[in-house]
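We call the chains A, B, C, D and E, going by the order they appear; numbering starts again at 1 in every chain.
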């Protein structure tokens, strides 16, 4: 168990994962569930256990749409999306861990793609 | 005539010019003055949740402070901008540590403490103009049109910060549709995500979400969808198999108010 | 101001709204005015005064006055209105029997501050553009007005009248005062330093009871210190009693009820800063149980008469700042 | 204050205990033969909220070296809310005594239930030790009451 | 001059082994006022007590100190002994030299020294003891039950059974409450109406019971044994004494489109109505919001058809005042509004229902005559999804922080009944935890799974999407399979959290009883006095005190009745004499004491005083009702003037103990 990493995630997310009562409503509501290796309720539970490294290595980090449905519907105010984001920040901030690099961008563009998508992607996937 | 500080954001000046154009034309027709600040910065695109990091909040606070200095409420149309700016303001007005940090960074003469009132364009229609007054001004009612309002994820959530409508059973866009003469379609997927964030990275996941949304609207008998978000519009049009047309709500508004053509020729 | 007050008082006496007037009457010198009740226009003309030295809080006197029949006019400064409200809330004043005219507050002057400048034999004091011209038997001295204002006015908490029937002059606002600065300074001392400070202050106490007599919160029918059944009966100065019991218990008895009017310190002949004890309670109450201003209204529950389930434990005192 | 044979300072501790929880807790530590120093003398009150700040000051004035107040845990008060009032009163009183330069460790509030005999004994051991370390109470004592 | 006797107990060797009892007796013999000081092997034994009784007579004692075990053990024993010898029992004090001395100390010298100090404190206190007489206050032999659900009905029947008059005040036009709406009860699956309706009829027929239906409590004054209650009898526009309940008016009423609250709005009733067939009293009421006559003055059909002339359009609210000795609160519960949980599409599809609505849909007397049909198209549902904990165990303002307790069981019941009647219907239950503590409860739930094949899935539903084909797409998590499911359901049933009735809070204020933050009434003590409120004479019955199922409710209802009967049996109540009292000469009338009193025992009166100058003055002073005061002493410290004191633990008594210990 990595205590300093757990503390970092706790502080950065501002979430008290201990409030979770394991109802799974976050995973029930998640629109990206099938794309994820670790599901929202597992994020919360694994952060509670301090088992964060597997999450940091998982592609699930980049599957969360930050749509806040889990935050809105969580009966315990746990805010799973914030936990996912904190773990993602921990991951992309490691040296050389940017999930998106500028060189990749041109290939992804098309005429109609709104700017906000690029801005968002940079915000979310890079240091 | 009431004046608002108008924050368009990057997308409205590039890929979503219609959203902007019709918003301004309609506001004028409704007697609302939208004044764009001389300088504005990108809102940040996505709200960074990190509870203890001020840097990501700075650009939004600059905009908020500019509005405060002009002494007017701030108005946004783009769902993303609105979401980022409102969440930032919510945070800044409640989290004192964050407030101090941000103000230290910005070095403002008078610290910003969350004083600016923020309206989404739809809230302006509801709370300032009033939907009944709006209905009075409609010249081309969209009578008989079955229209599905698509809220997406950004407009309503997190509801504590957005404080716009019931996040699970909103009525603001439905009331808007009724005001411009259309028939609102009630459908469950209206507040589920279209897959916006993932669209650059994984078209298939975005497509899955967009299809789920479009299919539900179609299934419930919608003839068109309206949205306030450029990314939603892009996604629903580009990444779904549905033929259902998607419009910005401002376009319908401009049409109903009879100012669309003039705006197009501008 | 004084003229306007006398004029209005006469009108209210004449039309029968009130049959008495509570105000201040001129003393032998221009600085020793005392609270007084007036019943006629003539008395008002002769003796009524309101100037830089009418700092006494009139609220407490209304406890006795409202027991009597008839209605009395009282002139209340902003700080006095808080005491008034608190007494109304505690059913000590019958609100129906008082016609309150709010008058502007201080700053009021403290003669001791002038004497402290070495000015003695004072005959008369005039305020000319905030310079005091002091006629003494030795000639005329001068000093700036603001150097002579009383301790209670130095950290005025409010210029707002919280209760009145009418106003003479304008109403003000609740102020951001610096009234807790000295309390904080003491809190930041070591325990021994604080002990030494208070021992040196409280040991001056001669048990004249002026603080108790003037305090608008001390209106008990019979004071515990004079009640043989209380177990702490003690009427006169006796060794270390003052340091250990009298002032602590007095402060505790008025905790949550004290409006911080500052009269206790104003009247203390030994200049003991008694108001700091009350302010310590007010500061603790504000920080531990939420901001509370006694006398602000007549409805809020006093902080010691209510509780929250999640109030802090008493151990917070021990945890707060190690020495 | 007392001084025993080996000249170690023996503080006098007055403990106010509510009848329903803490006094019963003290009884339980007796039933279980859990030792605590003889320095502790218990006064029974119906509820911790019966304790007037005057009693505490009086004890100090008469030569007590430490005063501890024990009541039911918050939420468990026999009279439903008495200990909540106690908590506010004592917090403010202790803060005031601290403000006047009286050592903080001479005063304490502890919630002890009727089932917590062990906690009662442990608390008394701890508190007595803490006061012993401070030495005799001189700051609040009335000189006339000092024993020769 | 006091004459005090001191008696030091050896308690065999319990005390004597560590404390030199002879030395203690000797030392205390020298205390002022002590005329006799003795030690004895067992003071509590009969011969020990004789020793005390003899000494009282022989030495004309005015006070007794017994140095022995804890007063919690034998205080009463010694008080009785004193009383038997003619001494007021409250002139006895105990010095606890066993639990708080001999048992915890080892060294004889120091233990003896401490025992002497404890004895000295007791002597100092007993000097100031006053003889106390327990006061008495008469009891009105009539009880009030507020709420006419199963809790109130049971309580009223039990009280009436014991021979006391009892009134039920029910805010609806009929008694019966929630149980009347329920079809079957768990865990026995017997018919609710078969249990409840005979009890309702019994209430109506029992001449000890008066039912005030369609009535509310307007005001409560007084205290234990002697409450004065004002009851508001709301206008029902039908004369109760004339109406025979024939129902002709309800057949003829032209206003037929009124949502029927008894069926949870699933069908309609008429503007003049009888809530349901077995209503008690079976008397019609007119709904003024819908009645055409009352709204527009045009119609009057009911009046024309009523053969007994019971219709009275001019009826107004009436107020009656009654006196009671005891009050039982039985205000019950309601399901919460689930507007905040629209992810379940409750407002978007008629096929998403709450459990109580399902109860009506399945009830033989319900809108579908007992056949389960989905509300949208009246077709037979083939797939039903149950969602547990909707609004229960929530941390936000949308829901309730507590477990609603009954949902797990009634959902198992619903699931089982559906599977039994319609074996082709698949039933899914999404649960967070299945909580079934109770006799035969877990067995019942297991039967639903094992015998009836109900699919229990550990997880929650996240989204319900109504589709145009009438199906509901239920998106949910199956946590054990670690997958997200989509179920094509015909109906979704939501187990909405329950909350206390809205009338409870204003009622609590009137009764000066306490409530928790969720508006449940607070019991005086969760273990010792679970059916009493902290306010004497007010008892709690059923779900107003916390979520409860029917068996628990009925048990608590009978318990509350027993407590109320215990009170009503007495001609007068003996009060604890250790109560507060105010010295009127010192009282400022400031109300501080009143504000901290948890029992509402303090009131203020205006009293005339003769002043030294022979004038009179009216002053506001505190007055403690000794029948209500429980003697906590909170007021004594709140009182700034020291006017308030507590008998048995007076300021001077405690101060004397402090002084004795610190000497």
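Note that a residue touches a chain if its C-beta (ideal position, glycine included) is under 8 Å from a C-beta of that chain, and two chains touch if they have at least 3 such contacts.
All values derive from a computational prediction rather than experimental measurement.
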| item | value |
| --- | --- |
| Given subunit A and subunit B, the chains that contact each of them | E |
| Chains contacting each of subunit A and subunit E, listed by label | B |
| Far-end chain from subunit B, centres as C-alpha averages | D |
| Averaged-CA centre spacing for the pair subunit D and subunit A, given as whole angstrom | 52 |
| Approximate Å spacing (C-alpha centroids) for the pair subunit B, subunit D | 63 |
| Subunit B-subunit C separation of Cα centroids, rounded to whole Å | 57 |
| Sequence positions of subunit C contacting 2 or more other chains | 224, 230-232, 304-305 |
| Touching two or more other chains - residues of subunit E | 343, 463, 596, 638, 651, 654-655 |
| Touching two or more other chains - residue numbers and ranges from subunit B | 168, 192 |
| Touching chain combinations (by label order) | A-B, A-E, B-E, C-D, C-E, D-E |
| In the complex with subunit A, residue positions of subunit B that touch it | 9-11, 14-16, 42, 44-46, 48-53, 56, 78, 80-81, 153, 156-159, 167-168, 192-193, 195-202, 205, 209, 212, 230-231, 234, 237-238 |
| In the complex with subunit E, residue positions of subunit D that touch it | 4, 12, 14, 19, 23-24, 26-31, 33-36, 38, 41-47, 49-55, 58-59, 62-64, 78-82, 85, 89, 121, 145 |
| Residues of subunit A defined as touching subunit E within the complex | 19, 21-30, 33-34, 39, 41, 69, 73, 75-77 |
| Interface residues, subunit C side, partner subunit E - complex | 67, 90-92, 217, 219-224, 227, 229-232, 253-254, 257, 301-302, 304-306 |
| List of subunit E residues in touch with subunit D within their complex | 70-72, 96, 98-101, 103-107, 110-111, 113-114, 117-118, 121, 514, 522, 524-525, 534, 578, 596, 598, 630-634, 636-638, 646, 649, 651, 654-655, 657-659, 661-663 |
